[in-house]
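Listed next: structures, encoded as structure tokens.
Two complexes follow with subunit A in common, the first pairing it with subunit B and the second with subunit C.
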Partner chain A sequence: MPALPLHHYLIVGAILFALGLIGFLARRNLIIMFLCVEMMLQGVSINFAAFARYRGNLQGQAFILFIVTVAACEAAIALALILMLFRRHHSLDVSKWQELREPGEEPTEDVEPLPPAPREPPLPHLTPSGVEPEHRAEESHV
Partner chain B sequence: MSDVRPFLWLIPALPLTAAVVTGVFGPRLLRRHSHWPCILAGAGACVVSLMTFLAVHHGIRDFVVSHEGGASSQEADPHPHQISVYYEWIKVGDPGAGRGMEVGFALNADALSAMMVLMVTFVGTLIAIYSVGYMHDDEGYARFFAEVSLFLFMMTTLVLADNFILLYLGWEGVGLCSYLLVGFWFTKPSAAAAARKAFLVTRIGDMGLLLGILLLWSRFGHHLDYQHIFNHVERARQAGTLDYGLLTTACLLLLCGAVGKSAQFPLHVWLPDAMEGPTPVSALIHAATMVTAGVYLIARCTPLFMLAPDAQVVVATLGATSALLTALIALTQNDLKRVLAYSTISQLGYMFLALGSGARSAGEAFVTFAVLAAMFHLFTHAFFKALLFLSAGSVMHAMGGVIDMRRFSGLRKVLPRTHWTFLCGAGALSGFPLLSGFWSKDEILDAAWTAGNHADRYASWYLLLWLVGLITAGLTAFYTFRAYFMTFWGEERVPQEAYAHHHGHTAHGETPQLESPPVMTIPLMILAIFALGVGGVLGPTHLFGGFVAHTPGLPPPEHESLNFTMMLVSSLVALGGIGLAWLMYVRQPDLPARMARSAQGLYQLSLNKFHIDELYDAFILAPLAGLTTFLRIFDLYVLDGLVDLTGHLFRWLGVRFRPVQNGLVQFYALAMVLGLTVFLIALVSKM
Partner chain C sequence: MPYCLFSAVSPSVEWWPIVLPLLAGGAAIYLLLPRPQAYPMLWGIALGLPALVLTLVLLTRSGVISPETILFWSFSAVAILAGTLLVTQHNPARAALAFTLVVLSTCGLFLLLAAPFLMAATIIIYAGAIIVTFLFVIMLAAQSGLSDADDRSREPLLTTLTGFILLGTLLFVLQHYDNGVNEAARELDPLVERVQKIQSLDTREAMVQEVGEPGKDDDLFRQFKRVYSRKPQWKDLEERVEHVGFDWSDIDSKDAKAVEKSKEQLKALGTLAASARQRLNWMPLLARAPLSNMSGPPPTVEFENVRRDETQQLPRMPADNAAYLGRSLFGDFLLPVELGGMLLLVATVGAIAIAFRRS
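Entry: the complex of A and B
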């Protein structure tokens, strides 16, 4: 089976990268934006793999291992951050977070803001753990 | 004579140590004992100076004896009568190979400088002792003695210097000390202004001196020590390659420095104002020592000046002009210290007249004669003028700081000792026969007269200058005794301020003792003895002349006989002046006022110092002030405007770009992507 020529892989990588980029720029849901960034990373990874295969060595694959590892760490941190942000504003809208602008500048108003997220149900009340159960006294002392 | 050589450095070093010690420990530790380092160092330096002086004297005597014996010791040791030490100081390049230069901290005591340094340390020590009484309750007691010690260091360095750079160091140093001491009471605006004026006016002259030194260095053999320059000039003269125009220029530049330092016309305006300083300072710096530095410089450079007759006639003319002009001003001043200040300028003018009269065309020996006349007058003047100033200070001290002669009179009973010492000084200054000033002034007039009769150029001009000198001698006698009679004769009047310190005594109903304490009057008496006798002892006996004439560089002198006609004429003039003063201020005290009314214009002219300060204000200060204002406006609005414009441009750009920083993450990302796109397009289109 003749191997696919290099540029096919490159085109797939470029498409993935471009889609991720567009998604990052156009969407405003923090989680979606984060996923788009992951997509861009995968586009790059495909390029690496394709070039490594084309050149017949393993350097590209080595890079991919690093990218995947870094992406995993990044996901852990980013999701934790997003969770914290959500707890603050009850929204995943990225435009809620623009306090770091130049002092004195007007905030950018959203023309059509994301609908507010539904209030999540209150957390269930569980019995507090670690309380010593009642011991009944021994009935016989024999 | 070799035994004093290792100690020569002590002469400047002792006062320097005293200055440092007093400056560091004075205000906290020594307090009321701050005078001890200064006095001890001054006395020590004086003793070393005396040893040096005697050693030089022995050297000269041996030299003369060996010459008369016929032995040509000159080849063995060309300068047996000077003591020099050399410490490496500035060394640039490779002086041995003729590239670069070497300036040593070289001290050299020859006849001239040994005499000067002895005079400086002796008078300085006496004045330091006097200051103990004069400054006793001043807040800056320690500061005063530290500065006086520093002055003694600088002055001895100036005098003992063997090259022009070291001389310049001392020259500027004494200028600095003068500034500090004139402005000693710096909280008084007039004192601060006077200090500034003294510093700036002398700075004009110093610029000339510096240029002169540099000209001598660059055009006369790349040497800085005196002897090398003089030898170079002498060789060039014998070879016929001497550029006389250049030499005259160099001499005139040196003269410029001397005129500034010695307060000669047209730079004399700072000295009368410098009387704002404490009186011992006026006596030490502005009468006896520092102001004579200019005379010393020209005397030291005689080998140059005698080859430049045009420069010499300028020296003589400036001297005579200053002498006459300031004598005329002194006639009407009411401030006792100012009278003395103007008379100082006048006497320094005499010295310049003598230095300028030493025309080589009247014989090489005559050059030496004229220089000796100037130096002799410098020497005697130092004693009697210091005495007069200190006596005036004693009067001022007793009168509670009042120095205006119209406010006191008839003090002869109140201040008996001061009266006698002042009389001695006044007699010496006015050239009363057989006192110090008589002998030295007579020699100066004799020098001018000889120049007028024997010089081949400017002869009639010198005669005119002689006449000016003679008139000035009469005026000097008149104004000196005017001051004396106004202060010590007439009805007894004492201003209220005099009793301010004596409340304790008056409470008991006794007449308070106003006379100054012995620590002040004893130096006065010592100086008075010198003022009376030093001229007569050293002048006609040729002790002074025979000694100083052996300064290397001066042509060998002839044995001059005394000019009795000149003595008679100058005595008559002096006695006439004194008599006139007696007539006007003792016999008929209403005469001066009548004369002032009848010659109102002349009187006002003299009283207002010929409006020279106002002329300077109008023709020099006002244009400069205008230029300054213009430059200030130019700086404020044009230069600063340009600078501000740059700032404003970037502020404006910042304001324009500020909305870009809107805090939206996606906007930033978009900007990055767009920027990256631009880069990529540029990169691709390049390929």
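Entry: the complex of A and C
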């Protein structure tokens, strides 16, 4: 029998689920939103594993395998969709798709300007390669 | 304000161990979420770390310090920290790295929960998924350069509120459940101590005196029955206490056999109490649940006999986990497994159809 009570595991699962929810709602990058959904699924999986352990049978663990299956399907479809959306707007920003909003809604606009991009360090100068070196006529001392 | 709210629903739940870490954690996430004029990262860290420590100390406090509790604390701390990083990180590549940490520490928790097969399966499957995500990040984010997507968040205040109100509700319900368990344990533990004390006595006279007169209020058996009647998962124990019985006659008997017999009876009582104590952490037993024994023993099996091979009398967890899981999947869940395979096929076809470049 495990030394810890069941609700400890449930608390960790709940925290992961809530963090994933916040990330999904707040972030605007499609790939990060996708990762946050995966994290919510991880939180749910912990709950299932804990219940399976404290029940003493394996139905919870079997259910986690189905969650993993569905997560794999979701990943395939989501990444395909992200690829397709990226081809249209050349950006991963979900706000680029806000023309899909309801008719009466105001569009959200970014008021604050972004900070200037940090200057990239200059690339080191290397001697060009692939240039044929000068051939000096061999001096003969014969 | 929160006090009224909490005490109205359940007076037994203390509100500050829940509200304190929630407030600190919520403020930390709000400060750390990416925005054009970011707050100093130190503020978020200064609020977030105490919130994490408070959560682990206040909500998951347990008296025993064993390797299991230490592992649980470290795995869950890493999971929560990496989850925060994933939510607040600007750089998608780093967010994907944080997600690997979340998956790895979740796998550690799976191991603690005696699910080694799932641990391995999750690592293998998610490793593939994360590598693919990484490729996407490198392929797409490198093309688009500095964008609004990574440096802004939508409605940071409202989303943080939403998430933490949900979390607060969940934690409140969990604490409510835990309080019920603790209350029952507080009633049971003194009785168990009494049984142990009586067992250590030498003469039958002293034993009978300690057990108490039958029918009186301090009668040990009657007190056990009263405690057992309080919880639904103890219902069958109430009857079994009666079957144990105790011989009150022959008090002066110096016969060693009689003393031994009484000790045996008390030992049976102690076993019942231990079973009750362990059932507290379990779900209530549902005897009528239509389960086959392919997914392990049905919930009506006693705790001592769970995962015990009937021929060899050896416990079967967790080395046989994969065998049990296979039997469960291809016995109880055969149709869902087939449907899962079908779903994977459909998803593959769909993904190819969606991502196919028509030109």
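One rule holds in what follows: the second predicted complex is superposed on the first by the 105 of 142 C-alpha atoms of A that agree within 3 Å, B and C clash if a C-alpha of one lies under 4 Å from a C-alpha of the other, contacts with A are read in each partner's own complex, and residues count from 1 in each chain.
One rule holds for everything that comes next: a contact is a pair of C-beta atoms (placed from the backbone, for glycine too) under 8 Å apart; a residue touches a chain by one contact, two chains touch by 3 or more.
Everything quoted here is computed from the prediction, not taken from an experiment.
With subunit A as the common reference, the superposed partners subunit B and subunit C fit together side by side. Of the two partner chains, subunit B is the only one touched by A:Trp97; subunit C is not. Shared-chain residue A:Thr108: touches subunit B and subunit C both.
In the superposition on chain A, A:Asn47 makes contact with neither subunit B nor subunit C. Which of subunit B and subunit C touches more residues of subunit A is settled by the count: it is C. Look at A:Leu21: by the touch rule set out above, it reaches both subunit B and subunit C. In the superposition on chain A, A:Leu6 makes contact with subunit C only, not with subunit B. When both complexes are overlaid on chain A, the residue A:Ile31 reaches subunit C alone and has no touch with subunit B. With the two structures overlaid on their shared chain A, subunit B and subunit C come no closer than 5 Å at the level of C-alpha atoms.
Across the two superposed structures, the residue set of subunit A contacted by subunit B and also by subunit C is 21, 25, 28, 94-95, 108. Those residues of subunit A lying in contact with subunit C across their complex are 1-12, 14-23, 25-32, 34-36, 38-39, 42, 45-46, 49-59, 61-62, 64-66, 68-77, 79-84, 86-87, 90-95, 108, 110, 112-115, 117. Residue ranges on subunit C touching subunit A, taken from their complex, read 29, 33-37, 55, 59-60, 62, 64, 66, 68-69, 72, 76, 79-80, 83-84, 86-87, 89, 92, 95-96, 99, 102-103, 106, 109-110, 112-115, 117-118, 121-122, 125-126, 129, 132-133, 136-137, 140-141, 143-144, 146-156, 159-160, 162-164, 166-167, 170-171, 174-175, 177-178, 181, 278, 281-283, 291, 295-299, 301, 303, 306-307, 321, 324-325, 328-329, 332-333, 336, 340, 343-344, 346-348, 350-352, 354-355, 357. Residues 21, 24-25, 28, 33, 94-95, 97-102, 104-105, 107-108 of subunit A touch subunit B in their complex. On subunit B, the positions that touch subunit A within their shared complex are 658-659, 661-666, 669-670, 673.
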